[in-house]
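Below is a structure I'd like to ask you about.
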Amino acid sequence: MRDQTAAAAAPTPPVDMSFWGDSYAARFEPDPSGERMIVNMGPQHPSTHGVLRVLLELDGEYIVRAEPVLGYIHRMHEWMAENRTYAQFIPNMGRVDYLHALAWNWAYVGAVERLTGMEVPERAEYIRVITCELNRISSHLLWWGAYLLDLGAFTPIMYAFDDRERILDILQMVTGSRLTYSSFTFGGVSMDLPPQFIPKTREFIATLRSRLPMYKDLVTDNGILRGRCEGIGILDLDTARRYGATGPCLRGSGQAYDVRRAEPYSIYDRFEYRIPTESACDAMARYYVRLSEIDESLSIVEQAMDSIPEGPIQGKGPRKIRPPKGEACFAVEGARGKIMVMVQSDGGPMPYRVKLRAPGFSNLSLFAELAQGTLVSDAVSILGSLDLVIPEIDR
Amino acid sequence: MSMTISLADPLVRLVLALVGIFAFVALNGLVLVYVERKVAGFCQRRPGPLHVGPQGLLQPLVDALKLVGKQLLTPAKGDRILFWAAPLLAFLPVALCFLPLPFDASLKAIEINLGLVLILAFSGVNVIALCLAGWGSGNKWGILGAARAVAQSVAYEVPLLLSVLAVAFMSGSLDLFVITESQGAWPWQWYAMKNPLAFLIFIICAVAETNRAPFDLPEAESELTAGFHTEYSGMGFGLFFLAEYANMIVVSGVAAALFLGGYQGPVASGIWWFLAKLYAVLLLIIWLRWTYPRVRFDQLLNLSWKRLTPVALLVLAGTAVAVRLGG
Amino acid sequence: MIPAWISQIGADCVVPLDHARTGQTASLLVDRDKIENACQVLWDQGYHIESLAACDVLEGFVVRYHFAHWTEPGRLTLRVSVPRDDARIPTVSRILPGADWHERECHDFHGVVFTGHPNLHALLLPDDGTPPPLLKSNKARKSRTDVLPLEYLVDCGLPPETQASDKPASGDAGAQAKG
Amino acid sequence: MSVSNSFKDAWNYAKSLLIGLGVTGKNFVKPTITVIYPWQQVDNLSTYRGHVELIPKDDDPFTPRCVACGACADACPSRCLSVVAPPKTPKPKADAPAAALVEGRVIPKTEKAAAPEKSRAPVQFFLDYSLCSLCGQCERVCPAKSLRFSNNVYLIGHSREDFRIDLLARMRSQADGKSAPSRPRTPESAPVPETEKEPA
């Protein structure tokens, strides 16, 4: 907490902190009859991925009201963008959402390319598609393991990490790092595919395809899991649109909205792939959507590897980027939904304003409405089904 | 005045039995921690504890020392007396449940022909301990955990009793030794084969009674941060841990005695048969833990009241008719 | 390709933008009193709010509402320009609850007050009155014309404001406007 | 709902549970796949990009290609590189005295006094790895292509100063053979459980 004395006149009236811990709890106004219990789920709670705190008002085990409290891992990336040159901000992109870092790299780099009108060579586009889709699979695998861990099963996360390690090894070949990638550059990619990349990736695709039935036997068909996910967190299309939810959460409610199709970018129009959707609107539907997305991404990677051309991986462009005045938005389909970066330039070496639109931000904002009247264990199941990455929400 | 210590004197037998039981429980506590972590490891394709001692054998010992070494904290808001009574209350009664267990024909700790009733009575005490722990730690999550523990235990006592009664009908007595003797040496003579439904219900209720695997709701880490033992650290937590394992051993022992023919085995029946069956049931319970997610709380109660209890009643009625007709 | 119903929003100026260069299909300058009506019209047409980005310029704050549609391609941007000393915009969180958090975040970062907002308290920053971090220093602040896409200026005929309301006309602002 | 399909549901429920047990059972008997560090090493270290290091000249492994221009230090977002250029030598003026004393050798005036070949290699080149985010900007902007990513995975330190790496010293130690220890000494005593290597 910032030092009290140094802060300017506090706009919010001083609140009696002693009893209620802090102002969020105080403003949560407990029910006067005293029947209900105010509980803090988080920020050190095992099942809120990262540091999310949810204020719950419980009547027994049923949630009467829920209010997520954010900001525990807020780093002010947007301010950092304004104080760094365009190229120096790329590493921040890997730290915004470390589960699908390449999508964020792509969004930022794409926005600047769109602003400056830079061309990206063919081979670089193919490398971007391959690595971004592999990164999406690794993000879905980690979501799958963590979701099961929230529901109490300890084994699936180990199987998921076994497969995910193979992806990280493959991505390390072409980016050099495992989690926070910064290998996309303006106008291309920084490293080319090493010779053993494609055989290793084909081998990986074969092993993952052979293991997916095991996931299905162990978890998807499991009766206990069905009980924990079916009929939980019903998100109808109207609510989804009111909150601006995107990604698997939206596709679980029947709307096939995917930025790769709705706002085509790069070379995604050259591949045939299905946008998996379910119509049950509950946590199980979102679960199915993500698992079938793994299949789709595998087929995209295969198609991309079949038709990858030779050629340069870095377009020609000035070493120091000075985009013309104006602003540009670039949207990318991340594992959690639509990632949009808006870059505004005043012609100088540093951006004037950068806006990072995180899918988790909108997806989490509908949690309060979804969790109304459910059990605490259902709230955990709903949070898990939204696939949240808190650093991306807090930015 | 000379104290002649003869084995016939029941008090001496009781004291010796209790000392033996505590040693057995403590030893088994360590062994089970090791077995559970190894089974968990191999289920997840990893080697489990490996570095402490040869193949990780000293790991449970080191864990126990760590637990003993930790500072015993008492939460300010909690109730000090209840907070520290709970672990003791959880661990001590379990020893009494071991007394009537038929380890071997000759190893009779106490002369009691209501062994089954004693075990079921004392296994109910465990829930009071969980309740005290939850309430005593003054932690909101602890209270939620305690409430769940009480509801779960009450819900699963009923089908447990019914399935055990079915066995009592078939053997005509509540004395575990008599029940074991009434089963034959060969597997098809065991009550598990004669009354499989009762065995299935018993196993489900046993797992639920000891708060294990799919039914570990009172200390659900991912929902209630740690349920009733959120505030416990060091030996407080250690005692709960040991009590859970002791309860598992009792329940597996009862399952072995009632349904799997106790110490009777096709070749040379003796204590090793009983221990083998006990560990078989234990391994099953451990195996369940590393496979299934956690059941939701209302599903847990519905399972007991709406499905297990009616089926248990039917099984009981069926057994009664079968015993009556069977003559 | 501006859709026909766009006129219902009553925007001061509607500018088609080249999606390949700016990622937006149209940009509308909307007066702050008409923002609620605009969001209602967009909601009826099936749009959802994507994000809300404010920007600190000489003339005050330019707040951009990005809207996208599930089936219709392209992105619409509503721009609301408010002076710095009277940075108040009516909230749209009743029509679009998704905007609730966006507005709170904008209040955190820029200090723009959204009147009628149910819970306008700090969202990401600590709740002890931390000064808005994204405010530019007087030296770094640029005029609105420096940061808007060129075609936007031409169509909307926005005169470069040489005398910023609260900043003495400094040399570089003038030079920047001509540059 | 009718009794028959409630039985069918119960049966499917139980069957799915049994299949689940089967899966963990099958995995229970399969060999473990973890790499037991430090007795075994993971096999993907060759492609790992550790902290940057200096590339020596082709002909002389003891001097880096770097010309101490400082481009990398400016490009670095977290300012973790500090480069100290050699002191500027005054340009020899045309009307130098008849004989110029160069390294103890007297050059007659007619022979043009060749500017003393002062190597432009940096005197100091430090990398504060505790600040580095491995973004690769320095490697990209270096005009002399003198930086590359090292393979130094096993990097340990007890304090922040341990991560202030002197790249010149590292390059010289690599040059004369005793390369930085990038493989830990494998203790032979510990037993290695039989983990049959899967075709990972």
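A, B, C and D label the chains in the order they appear, each numbered from 1.
One rule holds in what follows: contacts are C-beta pairs under 8 Å (C-beta built on N, C-alpha and C of every residue); 3 or more make two chains touch, one makes a residue touch a chain.
These figures come from a predicted structure and were not determined experimentally.
Chemist: Just to be sure I understand: going only through chains that touch, what's the smallest number of steps from chain A to chain D?
Modeler: The fewest steps needed to get from chain A to chain D is 1.
Chemist: Starting from the Cα centroid of chain B, hunt down the chain whose centroid lies farthest away.
Modeler: Comparing chain centres, C lies farthest from chain B.
Chemist: With contacts defined as at the top, give the pair, A-C or B-D, that has more of them.
Modeler: A-C
Chemist: In whole angstrom, how far does the Cα centroid of chain C sit from the Cα centroid of chain D?
Modeler: Here chain C and chain D have centroids separated by 45 Å.
Chemist: Just the number, please: Cα centre separation of chain B and chain C in whole Å.
Modeler: Between these chains, centre-to-centre, one finds 65 Å.
Chemist: Would you kindly tell me how far, in whole Å, the mean C-alpha position of chain C lies from that of chain A?
Modeler: Here chain A and chain C have centroids separated by 26 Å.
Chemist: Could you give the separation in Å between the centres of chain B and chain D, each centre being the mean of its C-alpha atoms?
Modeler: Computed value for the inter-centroid distance: 55 Å.
Chemist: Which parts of chain D, given as residue numbers and ranges, touch two or more other chains?
Modeler: 17, 20, 23-24, 27, 33
Chemist: Residue numbers in chain B touching 2 or more other chains?
Modeler: In chain B, 43-46, 290-292 touch at least two other chains.
Chemist: Show the residues in chain C shared as contacts by 2 or more other chains, in ascending order.
Modeler: none
Chemist: Which of the chains touch, listed as pairs?
Modeler: A-B, A-C, A-D, B-D
Chemist: For chain D, which residues are in contact with chain A within the complex?
Modeler: Residues 12-14, 16-17, 19-20, 22-24, 27, 33, 44, 47-49, 75-77, 133-137, 140-141, 149, 199-200.
Chemist: Can you list the chain A residues touching chain D in their complex?
Modeler: Per the stated touch rule, the residues are 84-85, 87-92, 94-95, 155, 159, 162, 166, 169, 172-173, 176-177, 180, 182-183, 185, 190, 194, 203, 214, 217-219, 221-224, 319.
Chemist: Contact residues on chain A for chain B in the complex?
Modeler: 37, 39, 45-47, 58, 60-61, 148-155, 158-159, 162, 218-219, 222, 224-225, 227-228, 375-378, 380
Chemist: Show me the residue ranges of chain D that touch chain B in the complex, using the header's touch definition.
Modeler: Against chain B, the touching part of chain D is residues 10, 17, 20-21, 23-25, 27-34, 36, 190-191, 193, 195.
Chemist: Using the touch definition from the top, list the residues of chain B that touch chain A in their complex.
Modeler: On the chain B side, the touching residues are 40, 43-46, 140-141, 144, 147, 214, 216-217, 220-225, 289-299.
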